[in-house]
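Attaching a single structure in structure tokens format; questions to follow.
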Amino acid sequence: MRQSLNEKCAVVGIFNHVEASKLAYFSLHSLQHRGQEAAGISSGDGERLHTIKDRGLVTQVFDEQKLATLKGHMAIGHTRYSTAGDDSILDAQPVHANYDLGQISIVHNGNLTNAQEVRNKLIKEGAIFQSSMDTENLIHLIARSNQGKLKDRIIDAVKQIEGAFSLVFLSRSKMFAVRDRFGFRPLALGRIGEGYVVASETCAFDLIGATYIRDVEPGEMLIFEKGKAPQSLKIFDAMPKHCIFEYVYFARPDSEVFGKNVYQKRKNMGVQLAKEQPIEADMVVPVPDGGVPAAIGYSQESGIPYEMGIMRNHYIGRTFIEPTQEMRDLKVKMKLSPIRELIEGKRLIVIDDSIVRGTTSRRIVRMLKEAGAAEVHMRISSPPTTDPCFYGVDTPNKEKLIAANMSIDEICHYIEADSLAFLSTEALMRSVRAEGSEYCTACFTGEYIV
Amino acid sequence: MRQSLNEKCAVVGIFNHVEASKLAYFSLHSLQHRGQEAAGISSGDGERLHTIKDRGLVTQVFDEQKLATLKGHMAIGHTRYSTAGDDSILDAQPVHANYDLGQISIVHNGNLTNAQEVRNKLIKEGAIFQSSMDTENLIHLIARSNQGKLKDRIIDAVKQIEGAFSLVFLSRSKMFAVRDRFGFRPLALGRIGEGYVVASETCAFDLIGATYIRDVEPGEMLIFEKGKAPQSLKIFDAMPKHCIFEYVYFARPDSEVFGKNVYQKRKNMGVQLAKEQPIEADMVVPVPDGGVPAAIGYSQESGIPYEMGIMRNHYIGRTFIEPTQEMRDLKVKMKLSPIRELIEGKRLIVIDDSIVRGTTSRRIVRMLKEAGAAEVHMRISSPPTTDPCFYGVDTPNKEKLIAANMSIDEICHYIEADSLAFLSTEALMRSVRAEGSEYCTACFTGEYIV
Amino acid sequence: MRQSLNEKCAVVGIFNHVEASKLAYFSLHSLQHRGQEAAGISSGDGERLHTIKDRGLVTQVFDEQKLATLKGHMAIGHTRYSTAGDDSILDAQPVHANYDLGQISIVHNGNLTNAQEVRNKLIKEGAIFQSSMDTENLIHLIARSNQGKLKDRIIDAVKQIEGAFSLVFLSRSKMFAVRDRFGFRPLALGRIGEGYVVASETCAFDLIGATYIRDVEPGEMLIFEKGKAPQSLKIFDAMPKHCIFEYVYFARPDSEVFGKNVYQKRKNMGVQLAKEQPIEADMVVPVPDGGVPAAIGYSQESGIPYEMGIMRNHYIGRTFIEPTQEMRDLKVKMKLSPIRELIEGKRLIVIDDSIVRGTTSRRIVRMLKEAGAAEVHMRISSPPTTDPCFYGVDTPNKEKLIAANMSIDEICHYIEADSLAFLSTEALMRSVRAEGSEYCTACFTGEYIV
Amino acid sequence: MRQSLNEKCAVVGIFNHVEASKLAYFSLHSLQHRGQEAAGISSGDGERLHTIKDRGLVTQVFDEQKLATLKGHMAIGHTRYSTAGDDSILDAQPVHANYDLGQISIVHNGNLTNAQEVRNKLIKEGAIFQSSMDTENLIHLIARSNQGKLKDRIIDAVKQIEGAFSLVFLSRSKMFAVRDRFGFRPLALGRIGEGYVVASETCAFDLIGATYIRDVEPGEMLIFEKGKAPQSLKIFDAMPKHCIFEYVYFARPDSEVFGKNVYQKRKNMGVQLAKEQPIEADMVVPVPDGGVPAAIGYSQESGIPYEMGIMRNHYIGRTFIEPTQEMRDLKVKMKLSPIRELIEGKRLIVIDDSIVRGTTSRRIVRMLKEAGAAEVHMRISSPPTTDPCFYGVDTPNKEKLIAANMSIDEICHYIEADSLAFLSTEALMRSVRAEGSEYCTACFTGEYIV
């Protein structure tokens, strides 16, 4: 259970399907966990692009009537997480503009590390910026490129930006998908009927009935044009540095991400955690839902029984009612509740995927102790989160990352656990069955790529 | 995952607390799983009763301002499941009325088996009925009783009704809790500060910081009066026939119901199921969330690994968008999705709590097969549901109960499973560690009490 | 412009039309000025009655889908003004009940003067009351009547009640309209196709395409039955005492009320006012919209030019924003604004229909003076409102009626006008071209009928 | 009553007031008649600009909490009429951008005649356009100007645009107001406390307690800077061509527009109309509310009595219910209804401000005839509308302007009136007591300025 780290968004693109915007809608729906603040779709009918975007969940932004206005055989979509600002509606995507080659729409998952410099340079040259989104840079770069063709202009543009980007573009007649050379953020390619889909996670494919082909490669550009097979261009030399946190926490367990299944990676982390950080106890209890696969792995490896000692309440809704004096830790308790009779007097190994600020972990430990747990041993299926992310994850400042400011012992004391252990970075790498070099682990190691 | 059987409601009562209506609000919130269509609270300040009720979830019906108008040190509340009718708002509870002794408010969980006869008799005597709720009978019976005191009138009234009832009444200065002699529906008693709480399930106590004392006994009336300990009257001889389906499906796993923890009973059912219905397979997979505890039990007993092979999506929302041709079984797929890579080529034991119409089970089996499962063995942690409930559960007609119309083999064929087995009634009884006579199992046996 | 006196409601009934509930909907819409808090319709298809009612304007309570569920060839409807209470939804009409003769629905415009006594008597006999509406009495009286037929039971019931009532009843197959012997509140009969309409005002007929036949007579009951002409029964001796305030303020100017057109009566009041209360001035200015017809009459009689010196703003909406220091009398100014250049330095005769508390009049006078008016002479087209109404108008307590507590000179001083005059009761009677005895003028004279 | 011609917007600016955004809010509220589709405010606190804009009425877009985030001592605001498009939210104003001099916000009332050329030129130079608003041009021109100071850049920019513009700009520390050389659209200057206000109409001043100083002159730029008196620059030679339709229909009667009161101008038109187009009749009846002042003028000049023979219904709301067969012309009838008894058998002179498509006039004539009018003589207080507007009014295409396609006789026949006459352009000019050259009358004459 986490409220501290958030993926910034999801992207989808549909090409060559009579109900392209409807497929985009359902795809976004299955990617809703990657961003709940705003949603948008641009469609193209070969003549014009049509865009609708607004604050809210996918199901709130769109209805049958609005989807009907998003005509055409191709569509791109976006859901986003955002800190509420003055102009938040203007910060929704797709970003749409008219420029010298006509109309263009873009969706972007990731974060540019040189966004401010590029922006300043563009502003000096007379560009105006109407939002606070990095993505606006891209349209300016494309509009100002000397190249004649859009394809070449996109290449020109993405070569001037740095950082993390999984991008999908829509022009009057084509769709383009581009991924940065590191492949920080995922982007998968699928097939549906005679058409194609790209999406941040493959769970989108499953819902709409598409089949997974492969990932868009780091540094690759795919061009979708009617009547042709997708054309692939290598525009950067690939240097894979996939975001390890997609496996640790963000992606849906049923998704293929970076070509591999998330649930199994997450379960492996639990297995490795059991090997590295064994302890005697009566049961293994996940913090739902994030800790479930790792807890299953820990239990299988350790032989200690798995129990759903904490249940998650599904009827939460937003309440603005102030609790009474007797009601402590209401926010956590409305979401999570211990199975008192199960854990009473028992020694628990509690598995969570990560600790960011430590406040939620403390509330959970307290809740379990109040419910009678004899011992609470926290086991975290990832290393201490010590450094902020600059590649598209919304992390708190370093001062608020508990592991950047306390030793493990201090954290253990702070969260009031009987013991606390994290997975090592090496074991994490073993879990994903990769040589470490393929993944970005900067949030655990501080080793940033650029 | 079920949409066919529904608990009809939840009741709460708070006595002697300065924030009685707020405690009722949070209690109802934790009982939201027992009814999502309407919610209501009546409070009493010693002078007047105040009532607010409306369609919607607890968090939608109430806000801080409305709760502020529900003044007083005592409050009763209700959430309800209902089939939408013309007047559904009038069918919300509490039912409130003025009669010769002043004001009264009632909340009711259960179903009266002689409601129509009592109603007809009352109507013949000149009574008018403004709703379709059984509960309206009770106020008429109380208003027409010859007894002088409310306590005696309530006794008079409940002696004329038959069926299932866990009732809480509020008068100008007192609160009464009454449970039918069979104790069909649960009702627990708790303590908070200097005050008392009654609620359908103890999960309400945990959220508001109350402690469980005991159940209100079958046939017992409790009278709460300021400055006195709760007074207990035995108004019927107890003949316990607790609703076994509370353990099978309705109640929250973290609740004490009929004095025992639900999660553990549900897990026991899984253990018994493994003993009665073993089968060789690669993994045990629950249908979330209902099947989770039994699947854990089955796995522990059989030694076959437990895996979350089906995940539940939390961002559902209501969508009214028509799916495309490619999208089959959308409704199930938006809620549940298989971990394709985990189950591919594997033999699965899939655990669900019950089968009502069979349509959802069929969709789940198909989904798993499409995702590559080699074998799907359905194991149900309760006996075949063959008979409708007359004691407060919303069951379909007998014609729609698949187990009333097909043999187990036929059901297995219908849901396209490789094998199908149910828990026997005897094993179900062993699971709850009771002699069968304490429970109502009419929905499995057709043996109705009355 | 008034916010102090309010009609309590409007009723309609439609009989023998394939789209009865739709006609009820549009009729209520044109009667919206008589009550904006709640709306409801019951329809009957010969088998069952269907009822929908809720808080809000007619257009908010109903949509095409809801109207579709209100099946049948007959329908009754209601809009209501209400002081918001705990249970306001329960106080919406139609009141619907099941009783020994089956189903019944009632709508009521008016106020019973012996409601409390009847209620107390009924309660003593064992009746329960679920709302605070007088109307609930009627259903009890009908349900308890010894008569065999509904017609006779209704007669039985209305003979036990006193006060003002224009009632429409719906049973399984018939519709009944009843008006008290005094005819306090209006009720008109019209024809549409092969069917009939009754409504509080004839403006409802104009919208739906019905034609006015005559009023339901004071003391008359009309019975509508399929295949028969409406049957008329005289159940009370008529003693007409029509509410004069319908002419002064409530009814729409385009309506026939008590058989005569409202606009013309209101204009006559202005003519009489000019005769009784002449004064030298530069222009006659109405307080819109209520004062318009009387101001036209005053202008025509006096020869002093009519000018729309105060305009009414139509885009009001509700604002909860606190004004700044500079902004005085915001509430009035958002609704009304003076034509500064027109009135600057001018002597104004300002015509309003009545003064209840005096606060709005004071704000208007101040606003006109600030805008430069040299003199403001208030002329009120009705006598001083000195007494509360017990027959269906929501008046403030006598302590809050300014004319009950101050002399005309004192009121003039309070509202800061240069002069103030009211129409005499005699002249008011001349305006409606009636011998005074036909009208209830209790609010001006304190002479109550009963 | 019109739905065919619409003012495109209103602008306001507040400088040097502690509650600047609140004053902007109330000012916009009183200008709501100039645009109901979207509203927005940008405020400045000397450091940053803050912007909120959205679809809806002013009261729907803003609440106390949102206004609180619009900090600072200066604010500009906008309401807009718009044809709903894909991106309508992006077409709301203020338009806000970051550029090389920092932040800027603009609001614009009017229409640029060379917008497309400027846009094309800018796009060729690499600019991107994210909305379909002319206003976006301005920010680009400012951002690309070679001038150093914002003041000079604004001058640079507005010299490149043609057409109608009343503009207000907000920068980090200053506010600028600019009006095109023709002064097509109004813009008035007022004082509030130590601060200043500019607004499209003076009715905004009245509500917030500001006092009118003078109009911003055609061709003038006003610069508002803290601690200084507003600085006036003549940036164009003034060639006044005020929009005559502001007097005919758009502006509120209580406003000063182009320095003169609207109500009186409109009444003068009625006087002139009576002189030019007299006819024998029984009464003069306005089409409310637009026709009221001219009808008063007509009545006073002709001596024929003024009567409110058509009333306007204030409880309209939106209804989506389909009418029944009997209900013709529902849309007009829900808004307007005749006083049947008043007009029956009478000869009416009906005064309206203009005829655009003719359909509404036809419905009104029919309605009056059905209500029994003996004769209906339409008199229009402006000349035939023969030509579309390019200066900020939303007019239909020439094919839909009835007067562009039919003779007056033909129109009279079409609308089923007994006679029809329009005011001559010369008389219209006399009404506004101006030599014609000061006004743009292109919509009547086809003589466009540029």
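First chain written, first letter: the chains are A, B, C and D, and each begins at residue 1.
The working rule: contacts are C-beta pairs under 8 Å (C-beta built on N, C-alpha and C of every residue); 3 or more make two chains touch, one makes a residue touch a chain.
Computed from a prediction, not measured in an experiment: that's the story for all the values here.
Between the chain pairs A-B and A-D, more C-beta pairs are in contact across A-B.
Taking the mean of the C-alpha atoms as each chain's centre, chain B and chain D sit 60 Å apart.
Distance from the chain A centre to the chain D centre is 48 Å, each centre being the mean of its Cα atoms.
Centroid to centroid, with C-alpha atoms defining each point, chain A and chain B lie 37 Å apart. Residue numbers of chain C whose C-beta contacts span two or more other chains: none are found. By the contact rule set out at the top, the touching chain pairs are A-B, A-D, B-C, C-D.
Interface of chain B with chain C (complex): residues 50-52, 54, 69, 86-87, 89-90, 95-100, 123-124, 126-130, 139-140, 143-144. Every residue of chain A that touches chain B in the complex is listed here, in rising order: 17, 19, 22-23, 25-26, 29-30, 32-33, 36, 57-60, 62-64, 67, 192-193, 203, 206-210, 252-254, 256, 260-261, 263-264, 289, 292-293, 296, 299-300, 305-308, 311, 313-315, 317-324, 326-328, 330, 333-334, 337-342.
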